[in-house]
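By letter and in written order, the chains are A, B, C, D and E; residue numbering begins at 1 in each of them.
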Amino acid sequence: MPQPERLRILPLRLEGVVLELGGARLLDDLSFVLERGPCSVILGPNGAGKTLALRVCNGLLKPDAGHVAWAGPDAAQAARGRALVFQRPMLLRRSAWANIDYALRLRRLPKPERDQRIETVLQETRLLPLASRPARQLSGGEQQRLALARAWATDPSVLFLDEPAAALDPGATRALEEAIRAVRASGTKIVMTTHDLGQAERMADEILFMHRGHLLEQTRAASFFTAPETEEARAFLKGEVL
Amino acid sequence: MPQPERLRILPLRLEGVVLELGGARLLDDLSFVLERGPCSVILGPNGAGKTLALRVCNGLLKPDAGHVAWAGPDAAQAARGRALVFQRPMLLRRSAWANIDYALRLRRLPKPERDQRIETVLQETRLLPLASRPARQLSGGEQQRLALARAWATDPSVLFLDEPAAALDPGATRALEEAIRAVRASGTKIVMTTHDLGQAERMADEILFMHRGHLLEQTRAASFFTAPETEEARAFLKGEVL
Amino acid sequence: TIATPGAVSAEHPYVVLAAGTTTRDSGLLAHLLPLFEAHHGLTVRVIGVGSGRAIELARRGDVDALLVHDPAAEEALLRDGVASERRAVMVNDFLLVGPADDPAGAARAADAPDALARVARVRELFLSRGDDSGTHKRELALWQTIDTIPTGDWYRETGSGMGATLNTAAQLGAYTLVDRATWLFFRNRGKLTALHEGDARLRNSYSVLLVSSTAHSHVRPQARELVDWLVSEEAQAAIRAYTIDGQVLFHPAARPPAKEAP
Amino acid sequence: MNDLTLAFATALHLILSFDPDLVEIVLLSLQVSGTAVVLAALVGLPFGAAVGALRFPGRRALVVLLNASMGLPPVVVGLLVYLVLSRSGPLGWLGLLFTPSAMVIAQTLLIAPIIAALTRQAIEDLSEEYDEPLRSMGANFPQRVATLLFEGRLSLATTLLAGFGRAIAEVGAVIIVGGNIAHVTRVMTTAIALETSRGDLPLALGLGLVLVGIAIVVNGCAQWIQEVARRAAT
Amino acid sequence: MNDLTLAFATALHLILSFDPDLVEIVLLSLQVSGTAVVLAALVGLPFGAAVGALRFPGRRALVVLLNASMGLPPVVVGLLVYLVLSRSGPLGWLGLLFTPSAMVIAQTLLIAPIIAALTRQAIEDLSEEYDEPLRSMGANFPQRVATLLFEGRLSLATTLLAGFGRAIAEVGAVIIVGGNIAHVTRVMTTAIALETSRGDLPLALGLGLVLVGIAIVVNGCAQWIQEVARRAAT
């Protein structure tokens, strides 16, 4: 992967974000700062609001109150500098290759560079043999890997991953984790959710723990796993029903 | 959950099943027998053909060669006795409650019994507070739990689960595993896939290991994890890229 | 310049004639116009519409000439300066048609008004065009001569062209007034038969009108050739020669070539 | 564009004066086309959904025929119904020709294929996602069709509105089988055709505007019903 | 049903004798309606898709208008185009009245709303799944619309076929602005109307059957193109 000067769009600040949908308050007074560098992992039980928080960060949902502020000079630049892999990946009705090509053409990359990047990311995600397959016919894990490859190919400053390993086999999970480390080393900020606590421990520099629409903790990973501050986090780590 | 006399549709025999789609041989000479009793876990890397195998078992795909035979007297009875939770759950555009009710009405259960069963399974999956929510607006993990609850409510003789815990939080995963054990104890046969090797070890009585459309092993779980027979299984267990 | 039909007509000059549906549907124009086109290097584009719509087309300057049968409206066009010239071309006649068993006894009527009166008396179903066409206006005039305002279940307005009205009458076994040309040409008669004809009050005269180039500067001057030809010996003879089942449809009515009024 | 102003004025006058003839014509239009839509939906929705959800040999040819049948000319449908209902036709003894019933039959035949063809496409799109899950739940074919119709109800509403639009705007078929008889079978479109042939363009256009207004009101009501239904259920 | 047999015989005879007049009329029909579909698609697809993909105040009212516009009566569209193209109308100087161009304009106006309304519904259904992912990839609004149109191409093909069906079957508008002039503006439907008013029902029906046959051939070709495209791409 080429490593050009990345867009400086961090830190990302959320201040007092409130989101209400269908009459329920789904995100309540959510405030945090995501800095350059550390890999931030959002943890929390099902329905905590992790996916909603990622959508808010990416400008896909407008909060009913509060602010979402990127550091970049303008919103367009921030949008170009980030990528999001959805929990339930959306693939276009075309080949795996063309799916990635689509994302790169949106960034107006010239054809030779596009081809080269696509090949690289397909190789990394072990999808190269499936490059010409219709994306929607791939298996669950293959689809998730393709969505990841597509986001990755755009070489973002910030990469949001919503449970990227949920459908991956152990080998792919390991490869993913290695890839994430490499990407991070090259200066890309990683923000991810996961339900695999082992993975969270392996990957996270900092943990954001969410519960029922609230951010209960934002701490260094080591201290979260050894000494969680809140009752909820303790129960969550023990795999207790919250 | 009521525990009526279950339909005797096992064992299920696959013999020499071959499946070709889009010119590729995706399942090749697949033969196995699933007996009553043990929890069978299908393992294998992404794209091995696990989901396709489950679809073939459930009569959703017709094999190009080979046989799929249920023990029951007729196909309709076999169909009534099984349930499948998809890797990517399909929920109807109605409330969570109505989604389960739909499946039960297909079985012509009377309203009081339906209501009672729905309440039980929603309780078990901790979805009762969300019962009246539009199912498609639930979070990823909530959707997966609802799909599980819907299959479970029909009280099948065989319950097929395609990566049931992929989107679940640790607490829900634990609850799921306990529930599966309870269901199994009550006489329901469980056939599931998972990428969580820990879960496979905890749950499986027997392992079916698939690789590139072939069944490489069908052995007792203990022996699979301690002494896998094939090179591929060894690599898979070590999390190596296959 | 824009490729208007005018530019196209450099190769294929044409004029636009709005003609009563009868003259088109009866096949008369298909018989007549090729004779004209052969010698004048000019094609005639026929718009087959009811008289009311034809008059409207002329007022807006969308056609170059008219062939219609509505004397009152024609005079109004001349008066308003929309048409610069009007020439009688031909006549035919209306007839009363109805079910063959003729429950009203219209066939035994002394004259046309009497025939209508008999229909009204027994309240047998009568279909009126109801569309302000020349035929409709003539029918209303006939009712007026017997001081009857036809109303009730037996009198129905079809609001359609002659052909559609005949299709309806054939099915319902109703009486209706029809012009001879349409009647002779019409295929779907069913049990309908001609019951009364030949009355002077059933005369139907057709005129050709030239749309004034003062009112509408863009009308094609060649239209005059068509108007002149329609009243020429050749055309008049051809009109007389046009028969169906041995019956003459239209009788030539142009006054013998004389000095035209200015 | 003086004519247009005149047409609007005419339309306004027609509506404000609450002309009883106009009211009669409007009601008949709504009654005929409304009934036709209901009948066509009863046939077209299940049939289209069945073709959309089922795979069988010859299906592709059937889809071509179904799509082609959206191009059935009203005049042809009108003529066919006319021949069947005519005194000498097989159903002549019913005496339906030149009655509103005949118009309903013609419009139903005209729009049922449209509803069926558009439904087929909508249901085919849906069944990609729904078919296997429903089958795995043990839903039989009629149940799957019913479920798909219900799940696609929002886009099928647009299909029905397309059918309604075609019916209410249609003149070729109803004028042949209805005869445009004043006070019996005269509807909005045949009245417009009549005024056009009379050369009274402002009145014709005015009536046309009233018809468009009716279509807007009907569509507004449909939308409103949908909103209410959406809010009530899920 | 003797008439029907006669009509089939007539249709067969017309086709087999390869009547040059018929060929001319068929070709003009295809040319006029084909052009109208292309033009209407150029307007209706992007417009419908934009309304389907965008949320803005007043959108609901626009959707009602769009759906209602499927009920625009051909005669009204014909009259409006006539008034505009008439010599005394604003565009009279173009001299387009009673030419095939006028017929193309009228049919385009008639079917563009249908295509737009059906497209809106299809794209709205799709955007539920696609909108956020596309936005997150940084696709701007025109790019999203283009992508949704491409992803929905199979169901939009049916929409275009619905528009084509409406155009090729339509008579009310083309007869007003075209004038049904032999060899110039006579198309299948106006020819059918003419034979009907002449009372030559077998010939009218025969022509109608030929028209239906044409619609089937056109739809068959469309299906075939889709198959080929589907196999070539993805």
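The rule is short, and it goes like this: contacts are C-beta pairs under 8 Å (C-beta built on N, C-alpha and C of every residue); 3 or more make two chains touch, one makes a residue touch a chain.
Values in this document were obtained by computation on a predicted structure and should not be read as measured data.
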Problem - Neighbouring chains common to chain C and chain E, by label - result: D
Problem - Top chain pair, ranked by how many C-beta pairs fall in contact - result: D-E
Completion exercise
The distance between the C-alpha centres of chain A and chain E, rounded to whole Å, is 46
Problem - Chain centre separation (chain C, chain D; CA means) in Å - result: 36
Handout entry: Length of the line joining the C-alpha centres of chain A and chain B, rounded to whole Å
Key = 29
Handout entry: Geometric centre distance via CA averages, chain C-chain A, whole Å
Key = 80
Handout entry: Shared interface positions of chain C, touching two or more other chains
Key = 161, 164, 167
Practice task
Give me the residues of chain B that touch two or more other chains.
Solution key: 134
Problem - Residues of chain E whose C-beta touches two or more other chains - result: 89, 196, 201
Exercise for the section: If two chains touch, include that pair; go through all of them. Expected result: A-B, A-E, B-D, C-D, C-E, D-E
Practice task
Provide the residue numbers of chain D that touch chain C in the complex, in ascending order.
Solution key: 82, 86-88, 97-98, 175-176, 179-182, 184, 186, 190-191, 193-194, 196-201
Problem - chain B residues within the chain D interface of the complex - result: 55, 58-60, 79-80, 83-84, 86, 90, 92-95, 98, 102-103, 106-107, 134, 150, 154
Fill in the blank from the handout: So, in the complex, the side of chain D touching chain B is made of residues 129-130, 132-133, 135-139, 143, 147, 151, 233-234
Fill in the blank from the handout: In their shared complex, chain A is touched by residues of chain B numbered 21-22, 44-47, 51, 87-88, 126, 130, 133-134, 137-142, 145, 162-163, 166-175, 195-197, 235-237, 239-242
Fill in the blank from the handout: As the complex stands, chain C meets chain E at residues 2, 4-6, 16, 21, 25, 30, 45-48, 60-62, 161-164, 166-167, 185-189, 216, 218
